[in-house]
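Both complexes shown next keep chain A, but they swap its partner, so chain B is in the first and chain C is in the second.
What follows is the complex of A and B.
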């Protein structure tokens, strides 16, 4: 499967972009939900002079990435693994590719996005398996239903929020502390 | 009364229309007398279409009446034609009551092949009501077993699906024993259980003894979920008979068996209401003749019988006297006013479709005061099943059903507000579906339902509610965070209100409240407050201290600070430093004012607790720990030092406070750092100081804040109070001792 690269750069504000970037990304991904899995990651990079942000999101279907493009690849801030709950194949491939991700990413820069909860009746992946995955890899699990438009937007906003934190744009909150917040509700 | 009027005005056209339905001859003549209000310009072509349809239906019915054995569908085109006629009319507008007799007889007598019978049964969609006689005769066919097993099962499923459309159910109740005997059949058992569940009334319970052999059979044949449901209902009605303990957790008891007819029934209903807006089943008490009926309202309607209500009463009385000689029970359809409710409160018979209770305030009143567990049980099952089935993010096929689901959740919420307590089925639904929620669908309805989760001493709430909420909280927008905080504040209020009421009722009944449950309740409430403190601290950091968020957080603590005095709950939890200091140093006066008020209330509560302890008025079962007092003292020291004595950087003893050395402060290059946070120089108050200066020294254009001292300081305080800073006022008056009106200001903290 060919990998698909989608780069965007200009000086608009994040809030305006949050819908425009991730939504087409996610809606392009939906027709691929026929047993294939895909791995996408979104990065932000601060554009020095203008003080604005440009975002690049890369979409691929499998890891490891082809080594030829290594020097072109920007710093990756968040890796989001998308699992389709209706396809056991997607879960297996995600599990297989997790081995190719560097350990340092699991300190808060990985999250699992589970889509297809709208059809709980036809899910072939056990919820327990997914929760297990989240626990074993110490990463949060988000649920969404990408076939519903409103849910797409809401999920995109959530992912972008996480991305801001993982990229270090929120002072005082690091990716690691954030992921530990997400995983358990700490007692005082 | 308004309600009566609408009933009257609806009644007349209703009768006209019904007359036509019951009068077969008028109908067969092909003339359909439309109700007066439905006079449209294109009436005649409609009539012609209706005529042709009815003509063909009539032909089909007469064919089926006379059909002989073993007509094969494939070879006989006449049969096919009539079958398709029946099916299409059923889908379009539903079948009239007369058709059911004929069609059921044909389907269940085994004359025709199974394929034909299946299609007939699947097309039995009622336009208005189903006459009971046809159902009774079909049950007799069932007993004779002329048709195949599959057809019998399909018939039972149909009966369950259209149960509410059957006009009377007296004879069906009389057939209870027959249905009971069908329990022995393994395949029919689940559906028969469901049917019996719908049919069982309180009076039936007394007759369980008659069916003892069968009863023993179902008790010992294993705990399938449908049997459990039936047994739990029996247990409610006659607890002495059912000796087995039933598991408390609810599962989905009855499989959803009404699939083939569900969509059809809804379509037919919708179509009929579009065509004749006048003909509507009666709502009880809620007169909404113009509203667009949606699926939920439809399910919640109590279907009205089609015959004249006067005859109905007499017939019922006759039947009852003959069959059971029970005291007459008051049919819920006739309940119109509150006084009627009071008169008939002891023999009120609840409808079998429990969902109709939700929109009926009279029945809700009844539910509130009568300790009939069966009603709660039935409502619990129905609500749990409905919520699970219609939940839109768990079943995405229901895309257009999202609006209806939202309305349904609104209805449930309003009912909970009316009853002032939460439904446990609702709570379980929330626990099951919150982890899968996307945070977007039906958001405000879900959050409002969260605020009605009942207070209980289970510790499930932590993992099922707090964890998913925290996940959403951290990744979502500012507005979502504020909504969650508001919902948690209402949750706390509902718990506290419940506690107060519970306490009153306990003291009335003179039951000694056990210490363990009391302390468990304290733990649950304390856990909630700690949770809110934790997420508030983090939210303030994530969102960079916005005033909007701080308002909601402080609103929560306004409820939490007064628990001892207002709600008689001996618990006092201070806000964490991550909430206190951002509020103290915030940039606007609203937060500061709120914080002052909250600290004042804390002080009042602590002082009252101390007095009670010292005077030993009541048996002291608690006392606030020294740590609480210490925490309060640290905060108050910081606050007074900040706002009044300009000494916060030295005096603040809180471990996460503002204490800083002079050398460090000098490095900031701020000239007058000592009084930079008092009520004149505080960034939140400086606006007021400027306005005050303009009024007091109108000619002076240099803003010389040091002019505000001595007498002018008092004027300044009055000025602030006059501008609505009441919280500041009560705080200063309670926590600050002023020695004299002289210029020397002395602050005294009242150490508690």
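What follows is the complex of A and C.
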């Protein structure tokens, strides 16, 4: 599986429907052949008393994103980099793409999603390299197994929770807490 | 689904490759930590004739938990009990080959020269040979199955284990699967141990490729061959990448800084050079595929846990690495 980067953006409140929308997104597998693949979709939720909700997810195989659509792109709240433990190429791709991310994102708005950890015998990527990546960029590393349905839902829920916090919808918690949480764990 | 344990086991299995350094289980290694010499060194004093029967055969690998109340002094008794067990299985009709009546003889012997240090247990060889009853009495017996337990430099497990246990974590098998399951179940019943297929991950295979490329061989070496399996395609596709041994060794010599020590970064650089060379010619990213087989002049290894030894002087070195893999799978 080629590496693909999952960029999440949210400008309003998230409802519980988002889990059902996010799940099929995480379950699609990008073909391994090298090539740019850019997709974006926006969905509108039902209108409630608080107005309409918008939510958008953008996916790309590598950075930088094509400049042509810059003006159409909404504010990005969370960037999730996907690394497949079975493919060294995905790690290299993510490392190369990290250079194109603005510094301000690394204050808790970036996370690494490592998939394929259920298959220990197929791993081509060394765990230390991934842990180092998380430490160097002060960003959380989430492990999941996207080929298993239960894990897909759980991962989607975790990502959405992070997204809520990064977009500022959870009072009292900001994205900066992620980096400080990581530092505490490292000291332990 | 063992997501977290899977991660922990990967950490552990890599951490074990660099044993000898004080580090805790919870922490991985930074890639700059040097490793103690793990590259197989040539054993000048090994007798090539005694180990010749182990070479050039395909051995399937298993990891074995410690055996309870196993004793080197009772090997003849074990052979007798095992042959009785095999005969009983045949009677039950559970064995072995349909329509062929074979008289199976079991021999259990010890191979004291196959060990890394003095604390290691001597290797134990089990051989099944048969003679068809139709052939004359003094005809040659044919070896139909062999399996051997060994432990080469397995100090980490043998010192942590209580008194009555014998540590022989690596089991290698050559022969029909039906005999393997019979012998395995006898050992499991008698010594309360358990067998598990030992798989080799692509990460470890790339280590083997780098380590074995650097070994000096006397005769003309065969090409280094790497086989990759391409995922996510409707028909399975295998890519075989053969490299001239001298070119590969020259590349490895430029990458490796300290002779006798190998670190993860050097292995990564070596493999990246090979991948980028391939990409330049064929526009295929081998790093996105799965490395399934590595063949060098020293040995050849397959990710399903199949190994073939090709040089007797490096036999112990390769066994040391395999023992370590087996131990990390047991733990």
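Keep this in mind: the second predicted complex is superposed on the first by the 142 of 188 C-alpha atoms of A that agree within 3 Å, B and C clash if a C-alpha of one lies under 4 Å from a C-alpha of the other, contacts with A are read in each partner's own complex, and residues count from 1 in each chain.
Please note the rule applied: a residue touches a chain if its C-beta (ideal position, glycine included) is under 8 Å from a C-beta of that chain, and two chains touch if they have at least 3 such contacts.
Worth saying up front: this structure is predicted, and the values here are computed from it rather than measured.
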item: Partners on chain A (chain B, chain C) - clash or fit; value: clash
item: First, second, both or neither for A:97, with chain B first and chain C second; value: neither
item: Touched partner set for A:172, first chain B, second chain C, both or neither; value: first
item: Which superposed partner A:151 touches (first chain B, second chain C, both, neither); value: both
item: Touched partner set for A:129, first chain B, second chain C, both or neither; value: second
item: Partner chain in contact with A:88 - chain B first, chain C second, else both or neither; value: second
item: A:117 touches, of chain B and chain C: first, second, both or neither?; value: both
item: Touched partner set for A:139, first chain B, second chain C, both or neither; value: neither
item: Segment of chain B intruding into chain C (one of 5-13, 23-31, 41-49 or 59-67); value: 59-67
item: Those residues of chain A which chain B touches in one complex and chain C touches in the other; value: 117-121, 143-145, 148, 150-151
item: Residues of chain C touching chain A in the complex; value: 1-4, 6-7, 9-11, 13-14, 28-31, 199-203, 206, 230-232, 264, 268, 271, 283, 285, 287-291, 303
item: Residue ranges of chain B touching chain A (in the complex, touch as defined); value: 392-397, 399, 435-441, 462, 466-467, 470-471, 474-477, 530-531, 533-534, 538, 541-542, 544
item: Residue ranges of chain A in contact with chain C within the complex; value: 1-2, 29, 31-32, 34, 86-90, 92, 117-129, 131-132, 143-145, 148, 150-151
item: Residues of chain A that touch chain B when the two form their complex; value: 117-121, 140, 142-145, 147-148, 150-151, 153-155, 157-158, 161-162, 165, 170-173, 178, 181-182, 184-188
